[in-house]
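Written below as structure tokens is the structure these notes are about.
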Amino acid sequence: MTPLQTCLLVSALLFSIGFAGAVTRRHAILVLIGIELMLNAANLNLIAFWRFSAHPEALTGFIFVLFSMAMAGAEAAVGLALIIAIYRHKKTSNLDEVKELKG
Amino acid sequence: MSPFFIITAVVTLLGAVFAMSLRNLVHCALAMAVAFSGVAAMFLQLDAQFAGFAEILVYVGAIAILIVFAILLTRSGETPEKSVLTSGWWAGIAVTAMVFTILGWAILSSSAVPKDLPAAPVATVKNIGDALMTKYVLPLEIIGLVLTAAMIGAVIIALKEDKKDNSGGEQ
Amino acid sequence: MADKLDQIFVNVLHWLVSFLPEALRPLASALVCIAFILMVFPLIFSLTTIFERKGLGRIQNRYGPNRVGIPFTKIRLAGFGQFLPDGIKMLTKEDVVPRAADKVVHFLAPIVMLIPVLLTYSVLPFGKNMTLADYDAGLLFFLAVGGAVEVSVFMAGWSSRNKYSLLGAMRAIAQMVSYEIPLILSAVTVVMIVGSLNLSQIVAHQNQYTCGIAHWFVFTPWGLVGFLLFFIASLAESNRTPFDLPEAESEIIAGYFTEYSGFKFALFFLGEYLGMFAIIGLGITLFLGGWTSPVSFLTWIPSWIWFLTKMMAIVFVFIWIRGTLPRLRMDQLMNLAWKFMLPLALINILVAGIWHYMAADWQRWLVCSAIIFGAYVILGRGLMANQKLGLRVYKFAE
Amino acid sequence: MIWIVKNLWLIPALPLFAAGIIAVNKQPARKLAATLAIGSMALGFLLSLCALAATLGHHGEGAFRETFSFNWIQFGGQWMSIGWVLDPLTAIMLVMVTFVGMLIFIFSVGYMSHDKNFMRFFNFLALFASGMLGVVIANNLFLLFVSWEIVGLTSYLLIGFWYHKPSAAAAAKKAFITTRIGDLGLLLGMVWLYAQTGTLNFYTPEHTGCLEASALAGMVSKTIFGGMMVSTAIGLLIFLGAVGKSGQVPLHVWLPDAMEGPTPVSALIHAATMVAAGVFLVARVYPLMAAGAAPVEHGAPITTALTVVTWVGAITAIFAATIAVAQNDIKRILAYSTVSQLGYMMMGLGVGGVAVGMFHLITHAFFKALLFLGSGSVIHGCHEEQDVRKMGGLKKYMPITFVVYAIGMLALAGFPLFFSGFWSKDEILHHASLWSVSHVPFYLGCCGALFTAFYMTRQMGLVFFGSYRGHEESSHSAHGHSHSAHSSESAHSHDPHESPAVMTVPLIILAGFAILLGVIGTPAWPWFDAYLNGELADLQIKFSNLAESAGLMGVSALIVLTGITVGWILYGKRQRKTAAEKDVLEAAQPAIFKLLENKYFIDEIYEATIIRFNAFAAWLCDFADKWIFGGAVFLVKYLTIGSSWLYRLTDENVVNGGFDLGCGSIRGSGGGLSKLHSGRVQTYLRIIGVALVALIIFLIWGRIA
């Protein structure tokens, strides 16, 4: 296994763990945590590809990570605000009970 | 792969597993902080110093705290007695297994992976700043706008909206 | 000779390391440095506690500790021997853990507190060539790692299962998050001018002299404002009076470490003081020229002495403020951070930009000072607008 | 470059700023408005004196001329530049406009003191001054045109200043529309000139301006239909603008009506400056008018354009002078006199060149401003009475006004030797007599001079001599005629009164100039002529010149004296008894008097021809609009209604049925699909996971395949 593949495998594992949490856990905040883990896995991927690419001086993957972090910050802020708003409305943050948009 | 990398990878993955599996939400959040620190350490190993520090600043310093606050605000800091899993959790596990299998297979079977390790790239702060201010200045501005919009949106969403409570002395 | 004295620690380190094989040298020198930091700064901490008690005593018209000296002799050392019995007492006390507490988190909290604080010391330049880890993004490292302290505060507060602790923790986190923003923004001005996040370079940039006066950033309009903002924010970051709401022993009984005792409390105490020293060190590095001398004819004094002198001077100011100012209310605290310091810091960034791009003559002094002064007046009025300031009326005291 | 050239723009800019500040100020701020306006004019006057000094101090080849231009806006690939020029013509006009303007502003403070729209008045006046000075300094036909239109606008605003009077509103409209006809010609000329020369700058330092030799040569060499030179055609189009502005026949009709405005306006705009702008324009583009002429040894060159100018001027001069004889409104008499004198100026330009016309313009500006302000003083003193038949004997009540008015009258009539009007008019007649094309203009001019002397004497006799005839009228209409302005005075006294010092002092100053100005242009010492032509170096008093023109001067003096004598006999010695009495001439020759009183029925002829044609065309358009286009629209409307009815039938019965069927089935299937939409986030997340797996398989598979 090359170093890049190791990194990618770790990242895939991290992604899968985050995904598993996001789809199996009941609490909205945990889903959010899972999503953050998946984002981090993606960041790790990007950094690994940047590190092992032929032209790392272009900094593309690196800058991509910075932007993705900023997006993650925005996403977390809005997501948590939504969770708090939902909690205030329905007095729960259990996602099994939040299904207003049922068709 | 250096032993340091393996250690950090293991710490990261363990933190992630705990973050996703512990019953108490606060413990989950703290485990998540550990996982993020591990990711930051991996960034450092991959010569991405700036990204590593930014990771700590953003995830451990900000997002973890934010999540902790949200946990307390939604009064879910106590360990729940009931099940913590959704009704269809087994389907989720199955899908996760599929996802990991396919990802692992794709990574291992890929032929487009360079065999030799290139020299450590230089990502000094000056280079990053130059790139951000020249080539990537438009995305940077847009991200600034997005962050501002997100901040305002979050504040508005989280504001108390019922007007009946306004007369009370609640601060 | 002066140079020798200046570089004495560096030379000692080289001498020590030179006994080892080549491959181990970096690791060994790092270990020696870490050991050194772990020795020196706790010592300074313990002396500072006495210093603070004595200083507060003087301010409050008391003596403060003045008894303990060298045992079995008549030498009293003006009470500076007090720290040793204090430390022994603290470390040997019973470690009480509440039954309802979350034991693991409760145990981990002081450790998590101390680690990031100690990590921040790795990037501070204590003297010429005396930086443990000369990172390219040193300032970012400092701020990132410093931010992790909040996690430990939360851990301590939440795991104690005590409403005072939790309240104190929430207050502390809110305060730290709020004041971190003006802190970082005021540091950004320095980064803009120097063009680097490397703390050694920031110091080197200030190590020049015109007419015998050093180029410290505090001697410029934006630098002065940046330093004052940084100073206020660092008071808040280290939970010192008048921003000591999280600890407020009279309201919430020492806040998040209410339920800590003995060794763990000592660790918290140590962590808090070390955090204060670190952030003062950062302030010195950014605005007060780090280890440089203020005037060119004093450059013969070793750089590390300068650093420690400046640090202790500011610690003294901290103590002085603690003895002088009352505690703020929560709303005052937040208003100050968000409505005054944040806009002023943003305007200060603008001013630093103007400073950078204007020609170096008296006009830029005038323009920059005018903008800052105008902003200060307007923001100050805005802050004072809704507050009816006047003599306090004691309704029930009479 | 002299500093004044660079800063010449300040002269129009000062009144402009004054106007702006007055406009944005809070309303009752009379002192501020008056101070600003007068102050700006005084400053402008000082600057103008500097400019004059700069041109006077010039000793060199040809006339002093410095320009300052800069690029203003871009049209396609070309830059339109604007700028200003300082030469003797500009300088003398600047001094005249600012000085007369300043005096009239001061006069207005007294005259308008009771008007509640005092600030608006001064705002417009200052704006006017700015426009007029812009016209004067412009080195560019475009800038000149813009300023010209500002002047036209302010003229409109000021004529209609008392817009609540229907006659004033109508007069304003008339003035605006009539001058617009002339301006159209000016605009066409301007465009054509630009097309021909590629520039509108008059003069440039590189001698590439449109009035300079190279451009003129190009225009002379080209001809249009009938062998007419392009320069002539352009000159005539520009002259059309001058005709409109200067009230020349046949576009003179607006000027007498413009007397509906306040008297200072009449004095400033419609006597001294604006109407002279037409003359100034012709003087400015004189090189264009004179282009292509064979050199002559004496007087003006002879070209088609200048011939037209001469004829129009001569006809206007006699035409208006005869009308003035039969008018009864004091301001109307002066208005026709102005038209007539403008005709003289045009004639002077045509036969004698720039200096001759401009000399009369300057002298006329002073004495006509004097006369108008004097008439304003009279009107003010007689409680807003304008009919000369109801005045009389004012010599006794208003001694200062009488003296200065008499000076103005003598200057206008051209009383020999002592008054400026004599010298300037004599110079015109002198040149007209030497004109080689025809002698008719000379005779017309002489007749005009006779009439001028006559009607001015008539006016003097009616207004100042005899006894006051205003009582009989006011005794029975005192209530209807009471003015708020005079309500504070004793109610029983309706005697005329002398005006305050703020009004009489400007009159006295103007009177001084009306006498003295003649000195600079006598044949014995033709300083003005030389100054404008840039021959300042060798000036000495040459009595030989005087002797040369002595014969003509004698004839001219004789004509004037005849006119005055006849006038005195008919109106001075023998005073009318009542206001209602018939005029002497009317009694003698009722038909001719009627013709003259009604201004040769020009307005009526216009009414009958142009306006009726216009009305017919308007009616035709209205008809076409109503029936032809309207009919088409109605047709379309009914067609639309019919077809929409058809569509409705189809829609209701055919389409809707089909859609109802379709909707039912879609609703059924949608209900089935909505089962999938459980509202649970995590279900969706799972589906996304499956989709991710499918996507990766697809991608890799596709790659392998």
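The first chain written gets the first letter, and so on, giving A, B, C and D; residue counts start at 1 in each chain.
Basically, a residue touches a chain if its C-beta (ideal position, glycine included) is under 8 Å from a C-beta of that chain, and two chains touch if they have at least 3 such contacts.
Computed from a predicted model, the values in this text were never measured in an experiment.
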| item | value |
| --- | --- |
| Path length in steps (a step moves to a chain that is touched) from subunit C to subunit D | 2 |
| Identity of the most central chain, Cα criterion | D |
| Approximate Å spacing (C-alpha centroids) for the pair subunit A, subunit C | 34 |
| Approximate Å spacing (C-alpha centroids) for the pair subunit B, subunit C | 29 |
| Length of the line joining the C-alpha centres of subunit A and subunit D, rounded to whole Å | 78 |
| Intercentroid distance (Cα basis), subunit B paired with subunit A, Å | 6 |
| Residues of subunit B whose C-beta touches two or more other chains | 50, 54, 62, 69, 86, 91-92, 95-96, 99, 103 |
| Per-residue overlap in subunit A, given as positions that touch at least 2 other chains | 19, 23-24, 95-96 |
| Subunit D residues counted as touching two or more neighbouring chains | 680, 682, 685-686, 689 |
| Pairs of chains found to touch, sorted by chain label | A-B, A-D, B-C, B-D |
| Subunit A-touching residues of subunit D, taken from the complex the two chains share | 673-682, 685-686, 689 |
| Interface residues, subunit B side, partner subunit D - complex | 86, 88, 91-92, 95-96, 98-99, 102-103, 106, 109 |
| Subunit D - residues contacting subunit B, complex | 680, 682-683, 685-686, 689-690, 692-693, 696-697, 700 |
| Subunit A to subunit B touching residues, read off their complex | 1-10, 12-21, 23-30, 32-34, 36-37, 40, 43-44, 47-48, 50-54, 56-57, 59, 62-63, 65-67, 69-78, 80-85, 87-88, 93, 95-96 |
| Residue ranges of subunit B touching subunit A (in the complex, touch as defined) | 1, 5, 9, 12-13, 16-17, 19-21, 25, 28-29, 32, 35-36, 39, 42-43, 46-48, 50-51, 54-55, 58-59, 62-63, 66-67, 69-71, 73-76, 83-87, 89, 91-93, 95-96, 99-100, 103-104, 107-108, 110, 113-115, 117-118, 121-123, 127-128, 131-132, 136, 139-140, 143, 146-147, 149-151, 153-155, 157-158, 160 |
